[in-house]
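Residue numbering begins at 1 within each chain, and the chains themselves are lettered A, B, C, D, E and F in the order written.
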């Protein structure tokens, strides 16, 4: 049964240099609009749910273009207000092989989203109309205003019985020096409000400050994730281990810890076209499985396949339908479909 | 010595989304015109022959554009009439890695080619001016009118001593349910008229209903192809075995059965850019070898190299010259030619 | 106060050759999705209303792309079903100066919309949720099935007290020989159901068979439009006179007949970028004025300005907001806005 | 009745900066292949004749691309040889309004055409298979080798009863200092061989050294053209007067002198998209009328309309069909054709 | 004799939607880098001088791209520092006819230029190496830091005997409410430092608060400009009157007041491609004339022709050479140059 | 400490067919300007030095475009004159997998560079202002005039104590039949003038005629390179061994022989985007190390990393900064940098 899920987050304008040229070589950019919330709301709407976005867009032609693009993705904008003057932007120069991709940001702290005053969003109204709400650690890094919005919305949804999802997604460059220490109390507050959390053992160690004597990632994971779940009262914790291979391919394995048990997907290896947003596709698969009450083994395999497919799609935002994902869970690499 | 070969078949407009975007992401299409007949006529003209097309194009700007494009490919349009109103079209969304390419068709049954009335083509006139004629199973799947044209032309060419070539090319989606049963009598009729046939052991089993106890593809091939040749009085049968590898490469081995003997090419492995039309390049190589009287070993290696090169070219239609193919038969993967 | 308006009509894929090249010169197409219903629903949503579309799209990647595009335009697709296999398409080659633009159609009669079986649409449900419904003469030209849908929906809306709008929009090429005679009964039936009608004196003479001794267009208009309104019980009739000037500019004058009075806009003269869809922008302006209860003089000036602006926008579909139109009603040709 | 016309001339690669950018602003070029001979052969094939080209192309990928492009235009290449190493090229930067377009040439004197050795072309064979042959003053400016080819071919065609057409087309930059004096004997020799000549009173004065006391262009024309016809024994002389207006439009009037009488087209005024090649379209219209035996009044109006339409088409090469031209002779500037 | 002129000003990234689409229709942007200082330095370097830029660019890939682009324009960057994090950006949607172009800014106040701390620039060093320095009112509107830089540099250049140029260029949107009052003292300070000023009678009235009883623009100009020159001790005042015509053309007349006399250019009327930056081309022409000591009549005609040509060039930045401008001063609208 | 290095060489216009299409399939070209000298000067300027170019460009729009492009790359053009009429050009069709890339040249012998008369360059002046000068074997292959320029400049720099660098870079197609014999004396003369030479054992054997009994490339290298250094009095010899792998990756190992010792980089294996110009990146790394006095082990690793990165960049010209190279020397293939 389709659910209504609201994602809270900033909409960024992505300006990509076509092909593999640098900004100082090209004269053309392709633009799209994305962000963790956008990716999750879009992915869930392709899985048959109603994906909504809680955000704030400027009331100018850039805001119009963003809104048009989000509607195209199938995202419901009933909770997206207009106000402020700027849109966060980032420039992407694609790498090739040993040359990494480069991201250059504009001043996102002045964006409509990051300057939204108290009272911008009707938290009670939103909470009354959704089954679940999704947050991520990137928004948590912005400023006190955004953090206040996040926590108020999470509490409102929890109070009305909805599911709270939190993706840890710690970005060192956003928190700056002593970032882990400054971030920890906010992370802990969100984790206590959350029912479903996306994280892995590195988040547990670095962001939450957990310690372990174990040496392999798998052992660390299996010690720390249950501990985190217990500590903060989280129903379900899920995440991935990613391996960057030398030949333009990545490998990905998903895990899910729920009801005291771990479930794992196979280790999937695949060629990568655009890596950005793939974590959001995995998260969306987990949310779908949780809300639909699928068995953990199915959920984690579905989420891993969704994540894998998101690496093969142009742009940040997952475009695969539930049907595409189910096919990818069984099929081997395919020839032309005709 | 250059020969005149006419290919009978529909011209399709191919509308390709650039790069790896989906139709719902992009706003731009690149268009070309192709079809099995187009591919074979074009490939043979690059091998030094006169490639002609027996077809029917609409008398409107789309028909003009198709004719211009076919002339550009070097195809003689003396036997291509104008009439009817529509051109068959298909949309191609390129896949990437584990995400398959997708083809979406428009209603080709209303096309100028598929609605050509009796009397459209001057079969006797054509037969008097060509050394060989090529047909394929896709056209055979269309409707009774097209099938009648095919058989009449094949008979006319046979009568005047020309070579009849038939590529089985069975497409399940075109014949629908119970397709094999509905297709079989038409295939049998074409096979009896044909001197040179493109097929492999799967066609023998599925389309012709042949049975075998053998288990490997090679054993099945070596039992069923001679049987098919004997049953229908075919001079030469050729075809390929294709293997889709995980890393965006394919492997291809060509075979040829003639004068009671099998000849095989090496198993070629190569990176794939555009797979569509590669089978037609192989067929063209076989036709070239047959018409030029080359030894079977040379012919099948030439055809396999032609097929391999066609995977590295943008678009459906083979663009390699005889010289390119000969170079590819000997050389290893090359650096810049300058 | 915003209203809910549903437009009934086919979605076409428009494939435009970029610049002024011909299909036989270029290799690239830009695609968008449009149609009278699309244009009206989009224009009204930019004027602050909820524009909805009653249509049927194929359940394949082309249908997905159309739906994404329509959402981007801000059109509500709650009443847009999925089924059938094809989408109507047309190719547009832009003219230049004395060389006219050319439109080439594919077989739209096989489209999902034109093959929608009885029972496809829930007419009572739709009628219960809208303030007005819009139809046009292009859909009326399709086939008996589409005509039955149109009349049933018009009756349902009328019954529930909604406003029925009908744009005569007679296209000779769609009705073929003896078209006026074949069309007349259907037009008369729609006119009897309609509250607001878009037509001018030529429609009255050619389509409805009215006669007049008057010689100037203005005199003919002022005699025949009141007659048509009286004959069919139409509340409001509106339309335009267009003049194609030699220098790539057009002139346009709107009129509106309501409560027994004519109101006229000024004669507007302006440079033309893309003429297709401008009539739908005018119609949307009339609908807006009618539903908002604006004075006829204001309505017709607003509609004419909307029509004028639609000539300056790329693509079929009007993109101007209410604010843009109000500014164009007062301002002269502007410099950069910065 | 369709005729076979061979045009003798060089094929140039045209490299156009898209839009109105300069070479030092852009990074992209669009390329086509043209030349007076190409334009005339292409225009005549669109008028229903068989347009052929007598030329020489390099035997490399540029030559392949040129040949493909010419076939696309519908030009027969039976008389086009391959040899030499280079193709003449020119770069075009489009002007805008008061800023003129700029042409920059590469070293065309080293081109395959301009270095074709004696014996390259089979003049007798060509002459035996054509109804007419076309030459132009640009080729005459190249070098002694090209001039020798021209005269030999003209003589061969004259001898076998074919029609010889010569377009004076004097380009000062090609002949250099003292150019008129150096050019005159070659022009006189070609004029004596020619049946149909394209020139106007300026050619008569500057190139041929004729003198007149008359002051208006019309008077000069009506004195000097009959004189030129008499002096060199030319059956028909035709040409145009062009006026560049301030507003991106040109005006054009065609004239034709034959059987001792002048015929004139109307003065046509029209917006200009791409002016290059329009003179060749006019010439082709004259050739068509002459070969078909149309009345001079019709021929000159047809030629002027063909010339006018060529200004509205992208690229050098006329793309209008006989039907387009006939429509343009009667119609006023049109709206969309649908 | 070539001079060294430094322009002080911000570099902006211009992101233009191609063609006439809106941001909400397109997905592609073309980017260039411009600004009044960039335009003036570039224009002067095309007139044979050494154009330098005093500015500050971020030390990231956007700053690299800007520097590469400026070098391409021929601007010397010896005085352009690197530091700060952001580059000012603006989005441009091209209008068409009655639909105006739209500019949307990002937060330029956070740019590297606008946050340059005291001590960023070596004013004495710069003043020692240049003949003249150019400032404009846009930079003056930024903040106190930028204003301090401007005044310090102007003083340093004046002290060392260089020429100080100031373009009033008042932008209401940058100064906000009560802008004229807030701006006036800063304008007065700059005017007292300046030798050459770009302004017209509107600047005198609005920005400086001068009053006049005269009614025509010409009379106002001839009263107020001498008054301004006298009041602030300005050697030369120059400017333009612009008229926006209905048909996509503008008219422009330049004036220059020096040594107590007015000189005027003709009123030039011309089609407009890209209006932005044309005022900077005019200013550059005035600077060139002043520094070269040309007679005022020549200078103002040269400047007006430079301004006119800048309307016909893609992008903000003038691209015409001294030779192009001289040709435009004499020639009428030209045909192809070949 | 930054050095001033002048590279002597021709600027070529590179016209690349986008994607993997052939010239006979596409209609679009991307153009850049390159050449060994360009690549070296650009690479060195990115490593913090002042890269200058000694060359001659035509005084026309192509020369302007080249100069603008070179300035964009950061190359100082103080020593680049303008004169002559043509620019050398080459067309590049990208290969794919087993299909090699193809290069087609225009007649470069007529270029401004190759026709530069004696006295074009001020050798003494140049030598007085640079720390080093770079030459390559491609220029040596042109004609006697160019060779005279090379030797004169090399002598002038040597005389004034600068470093002379020579890259052997023998191109068989440029020297033609008996090329090695014709080339040898010129190579020997340059080698005697050179302090730093780029070559490997194949150059020693083929170009210099050295012989060896050794069988492996490594053994041949270690025997012949010291011999060459001794014979011609060369301080440092460096070069690479390249291996083309089957899967679109290459492997590269750099060596450097100086002070009687060999230093080697690791064998680097990496995916290849654009192979042209990578040798020049390696050479630039060697020059950087030599001029900065880095240890040979560091220099050769730095040069190999620079060469590797140049394979991942669009276009001929290395774009990596010193910082990028240092990162690539340590890092493994990276993920997104954000």
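The definition used in the following text is that contacts are C-beta pairs under 8 Å (C-beta built on N, C-alpha and C of every residue); 3 or more make two chains touch, one makes a residue touch a chain.
Every value quoted in this text rests on a predicted model; they were computed, and no experiment measured them.
Over half of the residue numbers at the interface between copies chain D and chain F are found on both sides, making the touching surfaces mostly the same. Among the other chains, D has the CA centre that is most remote from the centre of chain A. Mean C-alpha positions place chain B and chain E at a centre distance of 64 Å. Here the CA centre of chain A is 42 Å from the CA centre of chain C. Look at where the CA atoms of chain A average out and do the same for chain B: the two points lie 46 Å apart. Under the contact definition stated at the top, the residues of chain B that touch 2 or more other chains are 22, 24, 27, 68-69, 72, 102, 247. Of all residues in chain C, those touching chain D in their complex are 19-22, 24-25, 90, 95-103, 171, 173, 244, 246-248, 275-276.
Listed in rising order, the residues of chain D touching chain B in the complex are 68-69, 71-74. Residues 72, 247, 249, 270-273, 308-309, 311-315, 319-320, 324, 328, 332-338 of chain D touch chain C in their complex. Looking at the complex, you find that chain A touches chain E at residues 15, 22-24, 27-32, 60-62, 64-65, 67-69, 85-86, 89, 91, 93, 102, 104, 106-107, 110.
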